[in-house]
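In the two complexes below, subunit A is the common chain; its partner is subunit B in one and subunit C in the other.
Moving on to the complex of A and B:
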């Protein structure tokens, strides 16, 4: 085990809430799990040393709140250093939002079924989060309810340790949009896991903006269960930091489900970002489309592991995964590994990973109109990412996010003028 | 018209991928003139445009190019554009993710900066862009789309003309801006060009068809063949070519023993 984990577990009070059984199970499993080394496949490129070695900043309440996207109705909840800031006060028909530490009996029953339903037990920090997360929300959308406002869960942190868990249940035919947003650049540890359980015919629009950077140590997961004919459209945007890891699981537990996932990572300095994505097609007629694009500058390092597992009975599956990377400097690094496991014979599957350079013809075209080479490179890099941003279902969010990312591109500006 | 030259091309030689394409091309363009360049496929017409624009990989191996009194052969692509050179492409590229509007504003502002002007306000720019798109009959929604993304062949050509309207270059080179256009679009392109004729601005119009020249009246028509201008005349030459085709070029080459020997040895 690690010093960090020992300490974290020692400080955990094993309260007797509705998820106590889940916690106990994970604690046991965690004790039996060896701490990853460089030989542990799932952690091969992502050393965890910084957890044990770095000094954690003292958290304080003096924190800047980010602006909100305009032109869209929002239900906003803020978590500062892992604690929910205000009372939840939502009056939207068909929608329940409750703090995990304050659930009524009915809500407790829902929480118990969603917790650990979509997240497989193998994720190390998922188990840590199982044991330690006391904060977070339960979101439950009643059968057939179409929730208009977008739920925005904003997490701000400037120190300490935080463990947050969100459990989201969509009833049959329910529709909802959820943004998870994470920010902070100080030295802190955050485990943030969320599970989404979609009923038959449910539709989820999901956004995860993992904008933690700098000295943040961010360990996270997003896990989805798809029932018959349900749909999820997910956009992940991630910056890198000293340690940044995201595990995604999409489980086609019903037939005719559709999952689209667009993931973007933008890394600078010595940052690291590691995305492990796993799609399980367990039932026939499922469709998955994943587009993963990254821009990596300085001596940053990205890790992408994209696995698609098509089980024996999952006939007529359509699955596509595409990973494209732009490296801005010779020291920038990408470790990309596609893993396809297909046990059904009647499926269509495509899987590809490339390390691309900027399109020279496009560069010439822009310059031939008077745009400087540096600006043209920035435009093209931004365009590479923007193509995925523009596919987000909520247009006002696109503009807001484009603004956020432009700042990031500003940071990368000098490198973008260097020959890719 | 003044006797000043806007563009002087003398003995221009250029190669691409170690292959000589332009082999001593001469062309003089005075302010306000319209020159048409015709010639068989593969003659080097597009190459001429690329070489003038400074495209990477198109290497000048001899001759000179002077635009508005300045040698442009050592300038970067963007400097040439800001100096007033504009090439409407035969095959404009699609750039998904980069919005037309953002691109056009960056281009216009870069031109303004070169002229010592402030960037346009978003509002003023939008107004200009809308007017330009109207002129070439492209719905304003096209401004929001990715650069040429999913545009039809004709829409791409009109987008090129729209850029020309916005950038107000001194020398416009149109590389087959008429190909793939329906009859109405052809008129739109021609009107775009004609509306910009002011006695100072010059045009080099590369085309295979006399039809465009009915709308845009050229002062000179040149035949480019095998990397050189081999024949020049007035507008009537285009009609002649339409009637005769280019078979006479082969005869002309046969009559030139030096040329013949070179072809055999190649």
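Moving on to the complex of A and C:
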């Protein structure tokens, strides 16, 4: 066991709400799970020492609020240091948003079904979050409702520990877009998990911007449960920090479901980012397409593990996973492992992984046309990432995000030009 | 159709027969005393015994690795006998005439070209029957070229300096659980030394065969190719049928000095167990080679046998410009389980590696590719290409891919690709349209699927490998 975990659990208040039963179960499982070491496969490249060894900053109210994307209708909720700051007053037909600590009976019933519907118990910090998370929202979209405004959940933190859980339920044929945004660079611990339960024919556009960096210790997960003919399109953008880990689980629990996921990570300094993605095809005719790209600079380290598991019954599955990485400096490191585990024969599955530097031919092409080497490198690197950004369904979001990324590329600028 | 399939499924293991040869066998059990006895049987010098005991001490501290995608009962190492020698070896035969005729007949059944055929096939055969090398041929001819090819137990006496220098230099005693066990109890194997600048005049071959009930087979092979030399080495095996699981934990070490090249080819057809997965060999093999400057090591393997295959022939590309290659076909059927692949560790500049792996799963088997490509900080401009394809035949089997890619050099390029699918309906349709029955058609398609690997095999192996696949696939189609 870890000192950090012992302390965190000791401080956990045992409240008697609708999720109490889940908490008790997870606590039991957590106690039976050994703390990961270098030999634990899922944590092979990601040491957890910083949880035990670092001094956590005191949280304060001195928070900078980030700008909002323009040209798009938003419902914004702000969480500061793990506590909901905004009023939940939503007057959109078919949409219910409620704080987890204030649910009516009907909402409690929904929360119970969504919570742990997708999350496999094997994820350690998911269980930690199960036990400790008291804050978060329940978002419920009624059958057939198409929610126009995008729901933006912004999480800002500058110290302390926060444990947030969001539960999102889409009824049959419901449509909604959700942005999860996480920021902060001070020394803090955040476990942030969200679970999405999609009904038949539902469509979810999901964006997760994990922009925590610096000394932040961010342990997070997104879990999706797909019913018949439901669709999810997810875009993940992540920076690294002293400890940053994201587990994405997608369950094809219904037939003919479609999941697309584009993920990018941009790392600098001594940052670490670890993305574990796991897709379970449990029903026939599912489709999954995953594109993961990363640029790693300075002495940063990226870890990617992408597993696709096709169960015996999941015939006619199409699944593809692609991971491409650019290393910018001699000290940057990437560890990638795309995994296929297949038990059904009538399927088409492929995965690929590449690690390289920029294509010299492309560089040469640009320089032949009078572009300076530095600009050419930045252009090509940006293009490498931008290809995925541009596939985001909401155009105003693309522009807003490109602005955010430009700042990040500014940080990497010297390496892009000198050492790249 | 179903009837035919049933018939084919009930097909017995073709190489399954037990030769009735009297053997001297240790009672089951493993402790220091057994290791001392093995060492004494072979008249080993003290340093060799110490080396074994050190490994045994390390092994006792280690745990069975459980990371592989394999499922097998706990092995009781005290139930296994660690030494078995054909009895007629006591008075060492000087020529083939003196060899137990039963033994020779066994080889004949397996089709080993031992007598005249050897000349025709151009192969020097160091046949390992259970644990003691029985016949070593073509020694004179090889000696002319300065090539040393002999049982490792003999090398320990005749070339102690070479053995001392290289044994355990690639796979150290504590490398892993099964390697440590092998270090402690290995009974025999081959030793090859190719002197500087020599191109070995013929392909070297060892036929392994497990013959004694309840006898673990612990082979140890060491091949050293000195500067600028070349050798091609063939390893092939079949084993007789029996009910109890047998343990096989071999270690193969290759050393390719500057500008040397080693080509190591394997056809593995140990007994895979019956339809229910009973019996069958547990094959835990550690194979690794080290490449110095400009050297090349190429592993080619065709794995069709064994109940459990745990095998990762690897290359440590230490010298600049060195090359590692891995070509593999792994076929599983029945209840076979295979977890096999390779490791390419790039240390030197401009090192290159190629991995081509073809997995075929049929029946209720599980077939996993597990590989590691590591680019260390010094591996400037290193290059790797990996292609793993899996073919599924039937809806009760599994095909898995676990490739690890670790890069710490920006100028290194790693590419990994993997695909999984079943035999294409279009291709089947096309073949059947032209009058092939479904089984032939599948066999042909599978052979095509594996072609990239087969073409890397020496001629006679390629033929054998093709035939093996065909036989193995019988009854899997429908």
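Rule of thumb we're sticking to: the second predicted complex is superposed on the first by the 417 of 420 C-alpha atoms of A that agree within 3 Å, B and C clash if a C-alpha of one lies under 4 Å from a C-alpha of the other, contacts with A are read in each partner's own complex, and residues count from 1 in each chain.
The definition used in the following text is that a contact is a pair of C-beta atoms (placed from the backbone, for glycine too) under 8 Å apart; a residue touches a chain by one contact, two chains touch by 3 or more.
Quick caveat, the model's predicted, so the values are computed rather than measured.
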| item | value |
| --- | --- |
| Which superposed partner A:379 touches (first subunit B, second subunit C, both, neither) | first |
| Which of subunit B and subunit C A:369 touches, first, second, both or neither | first |
| Dominant contact partner of subunit A by residue count, subunit C or subunit B | C |
| Touched partner set for A:387, first subunit B, second subunit C, both or neither | first |
| Partner chain(s) touched by A:360 [first = subunit B, second = subunit C, both, neither] | first |
| Subunit A positions touched by subunit B in one structure and by subunit C in the second | none |
| Of all residues in subunit C, those that touch subunit A in their complex | 67, 69, 375, 377, 390, 392-422 |
| Touching residues on subunit A, where the partner in the complex is subunit C | 41, 312, 315, 325, 327-357, 419-420 |
| Parts of subunit A lying in touch with subunit B, wherever the complex brings them together | 359-362, 364-373, 375-376, 379-380, 382-387, 390 |
| Residues of subunit B defined as touching subunit A within the complex | 53-56, 76-78, 81-82, 87, 89, 92-93, 95-98, 102-103, 106-107, 110-111, 114, 146-147, 163, 167 |
